[in-house]
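In the two complexes below, chain A is the common chain; its partner is chain B in one and chain C in the other.
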Partner chain A sequence: MFFHITLERNMQLQPRHFGPHLRDKLVAKLMKDVEGTCSGRHGFVVAITNVEDIGKGLIREGTGFVTFPVKYQCVVFRPFKGEILEAVVTMVNKMGFFAEAGPVQIFVSNHLIPDDMEFQSGDMPNYTTSDGSVKIQKDSEVRLKIIGTRVDATEIFCIGTIRDDFLGVINDPGAAS
Partner chain B sequence: MAEKGGKNFSSEKGKTPSNLAASKEGSLKGKDSVPVNKTRHIQLDDSDSEYEGFVDERSPASSKASGKASSDLKSGKKKVSFESLKTGRKTSFETPAAKGDWGKGGKDFNAGKAGGKGSLPRATAVKPRLTEIELKLELELPKNARLLMDCEAAEILQEIEEHKTILSEDPKVKFPESFNKVLQYTKFGSHYINSQSARKVLETLKINGVNDGEICMIGNICPETVEEVYALLPSLKVNKHKNEEPIKEVLASLAKVKTSK
Partner chain C sequence: MSLEPFNRLVRLSARAFYDDITMKGDNQPKSGRGDNRGMAVVVLDALTRRQWVREEDLAKALKLHSKQLRRTLRFFEEEKLVTRDHRKETAKGAKVFSAAVAATGDGQQMVKEGEEKTKLHTHSYCCLDYAQIYDVVRYRLHRMKKKLKDELDSRNTIQEYICPNCGKRYSAFDALQLVSLTDEYFHCENCNGELVAESDKLAAEEMGDGDDNARRRRREKLKDMLQKMEEQLKPLTLQLARVKDLPVPEFGSLQAWEARANAAARASGDSSAIDSSKSSQGQGYGGTPMPFLGETRVEVALSGVEVKEEDTESDTKATSMKVLPPWMIKQGMNLTKEQRGEVKPTSKMDESSAPIDDKKSKDVKEDEKSIQDEYLKAYYEALVKRQKEQEALKKMQQESETSRASASDFSNGVPEAHAERRVGMKSKREEDENDDVEWEEVPPAGNTGGTYKLADLNVEADASGDDEDDIDWEEG
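Moving on to the complex of A and B:
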């Protein structure tokens, strides 16, 4: 789920950056440091929307670096357990399939795929129902429920299921069940 | 190991040792006798440690004991062995089905034997209210957090993209690749012509006791029937008598604002 939150961070700037464009350099550095990272608490920082406030810089003892407390707003993405998401399948193998929803990778194990779907290997490995009506293969869109999450420094990884009602392949009329 | 793990799991204060004991028996057959500790206070982890394991800590390692009782695997599924899946990866996933060995993968699980930092007894919750509890976790986020539906996020990110194309003329400025991925995802996920109208419609649900997270999910999923809403968001069933009609109306209004997709 996406959130728009305010975060604060202490940015350190080297003396060579001081000058008329100090603020711009600070913002650029902030963007470079923060966008695309992940934290357990906030999830994945997608983009900074604006910088609210830059506090007074404090010169650090012993070096010429200056620390500025910066308050900024950003869009973050954080998956929750129990959340329903629509994702695109990226890989299928006999253990299950991988899907991607934004910055998040989700794995759905074959145990969490309905029993009537079986793995078919081949050029395009896929999961198909016995009557062939529903197929899950690379680039299929599926609706899944997240049942577990794990956060790394740069990415979030989740486990999902499509076993429940109304989950499964999208855009097939009779598919989600 | 306990310390490491302890860092990750901010304590769930209401847990009783008896729960831990029950879960410790380690039976993987699913003990549905484990009580739900409803007074549990779920707290998010504060640290940004590298081993920041799981966003959600409520289904702890001990949950494997009640793994099968866990209601999100409603039909008593087989245990999933993730070790075979992820070669060489020690950390296993925190799901009710995950193995999450007590000893192994210690960096994510505080087995709680020594108690770590009081991240102790995890109630092995039987979780009929998983979604509800889960969504309540959002309250732990800073108060200024605003929930965005996919369509709203798409609009914001689109604006940012436009600014960025201007900025990108400056060769020094770089953008993370993930930004494009997310932008694409939000576009793919937004079903409405106009996010403000969708938001307006969904806000009316607030007075019926539907919380922000649930409203957001309904917005994102775009359900067609009320049954679908209740199936996907079981937490709403609690107030079914109160919110069924409003939800029906909201779904009808949303259908008008949808793009044809």
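Moving on to the complex of A and C:
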């Protein structure tokens, strides 16, 4: 799920950046540092929308670096247990398949794939129904439900299922049918 | 506060869930010789018959090693069936508890102040927590059913993987690290062996047959299990339903319960037990000088049975006629008979605890009073009879003493009880039930006299604003 929240961070700036464009440089550095990262607590930071406030800089002892406390607003993405997402299949395996929903990786084990879908290996391994009507292979879009998340300090990983109603392949993949 | 349905619930759930728990330490070999499975059930059963109990006492009563008992109780505490309280007390403070437990107490002598020990031992107490037990059992049943149903529907179970070589276990969360580039299986991180999916924990996977059959058989097995579970747990679920609407028995914290029990013991005339408890309380609770400050609301002195019910009808109600303590009575004071405390004990207690609706309660209590009076009369007659028999025996031994005893025999029912004591025979506390009224008539030579009361009250005044005494002049 996406959220728009305010976060705070202490940015350290080197003295060579000091000058008339100090603030711009600071914001640029912030974006470079933060966008695309993931924190266990807030989730993946997708984009910074604006910088609210930059506090007074504090010169560190011994070096000339200055630390600014920066408050900024950003869009974050955090998956939750029980959430239903659309994802794109990245890899199909005998044990299940991996899918990506934006920055988060989701694994669906074969135990949570409906019984009527069988694994078929080949150069394009896939799961397919007995009558061939539904196929899950690389680059298929799939709607799945998250049944568990593992949150590390800087990483979030999910387990999903497509066993419930209304879950499964959304549309046929662009690749060979 | 009916304990019986709750006790039955506890016993049923003990036998359903805890009857095969061994209490041996993990590092001890489980030999065929020493196998104490089922001990947990015994312990729980014992706890249903007691309220707050010291763990050492329980160990003695059950003839168990206290370490084993402690392990069992720790286990139950983690299961949230039992509450435990650990208290640092002097050895005498521990006697407070004993006094509370044996509501009749047994002749503990008042120890002089100089002899107090300052070593503090930690005493552990435990008690069944009925409210939590009810919730815990329901939760357990719910989880069991949920697990089976989930397996049955094959939904939302997180896959686990085992490496057959080194036995390392992985969860589906680790799948990313386990995926190999070479082939399509998961490989172990250590030994690179192929991982095997650990399927449905409850229903073992059957090899050989086609997947279809295996799956169907698993479903059958799960359904079977579910059915058997429902059937075997039926008495427990019935008991739960029965207990659902009943008020849960509540013993309160250890201190509250102790205070109540002490009040009950005192009300039943058990002076010296309270005596030691009072004096030791002052010493035992060295760190907390006013232990009952928060609990003052609770206690009203009455005969033991009624104490708990009277808990809420508190002592803030004005009493109709207060009984003056002996040291307040000076010569020539114009007091009514009641104030001298010369009325029968029951009526005194009744009046001192009269709640707001005086009339109603008085009517009820007068009925009780008459019944109690008759009971007392019959009781004293029985006592007299017994006394006579004992005298007949003693006549051979000590003539003078028997004559003395027989003389006091006819004067009053109660001094005879005192005489019993003087003669040096052990008297049970029950016989002295209604003694405390007569303490004014008996000279301080007896062991219930104004003196002990004096000391007692003094200690009370120091220690707490304690309301257990029928004399509630303290709280104003």
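Note that the second predicted complex is superposed on the first by the 165 of 177 C-alpha atoms of A that agree within 3 Å, B and C clash if a C-alpha of one lies under 4 Å from a C-alpha of the other, contacts with A are read in each partner's own complex, and residues count from 1 in each chain.
In the analysis below, a contact is a pair of C-beta atoms (placed from the backbone, for glycine too) under 8 Å apart; a residue touches a chain by one contact, two chains touch by 3 or more.
Since the structure is predicted, the reported quantities are computational estimates derived from the model, not experimental observations.
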| item | value |
| --- | --- |
| Residue contacts with chain A in the superposition, chain B compared against chain C | B |
| Partner chain in contact with A:2 - chain B first, chain C second, else both or neither | first |
| Touching partner for A:159 - first (chain B), second (chain C), both, neither | both |
| First (chain B), second (chain C), both or neither touched by A:125 | second |
| Partner chain in contact with A:42 - chain B first, chain C second, else both or neither | first |
| First (chain B), second (chain C), both or neither touched by A:133 | neither |
| Touched partner set for A:90, first chain B, second chain C, both or neither | neither |
| Touched partner set for A:98, first chain B, second chain C, both or neither | second |
| Partner chain in contact with A:14 - chain B first, chain C second, else both or neither | neither |
| Partner chain in contact with A:147 - chain B first, chain C second, else both or neither | both |
| Footprint overlap on chain A, where chain B in one structure and chain C in the other make contact | 95-96, 107, 109, 111-112, 147-148, 150, 157, 159, 161, 163-164 |
| Chain C residues within the chain A interface of the complex | 154-159, 161, 172-173, 175-176, 179, 184-186, 195, 197, 199, 215 |
| Interfacial residue positions of chain A with respect to chain B in the complex | 1-6, 28, 31-32, 35-36, 39-44, 46-47, 49, 75, 77-86, 88, 95-96, 100-103, 107, 109, 111-112, 141, 143, 145, 147-151, 153, 156-157, 159, 161, 163-167 |
| Residues of chain A that touch chain C when the two form their complex | 91, 93-96, 98, 105, 107, 109-112, 115, 121, 125, 147-148, 150, 157, 159, 161, 163-164 |
| Chain A-touching residues of chain B, taken from the complex the two chains share | 44-50, 52-56, 58-59, 72-75, 77-80, 82, 84-85, 91, 93-98, 108, 130-131, 133-135, 137-138, 141-142, 144-150, 152-153, 156-157, 160, 172-179, 181-182, 185-186, 188-189, 213, 216-217, 220-221, 223, 228, 231-233 |
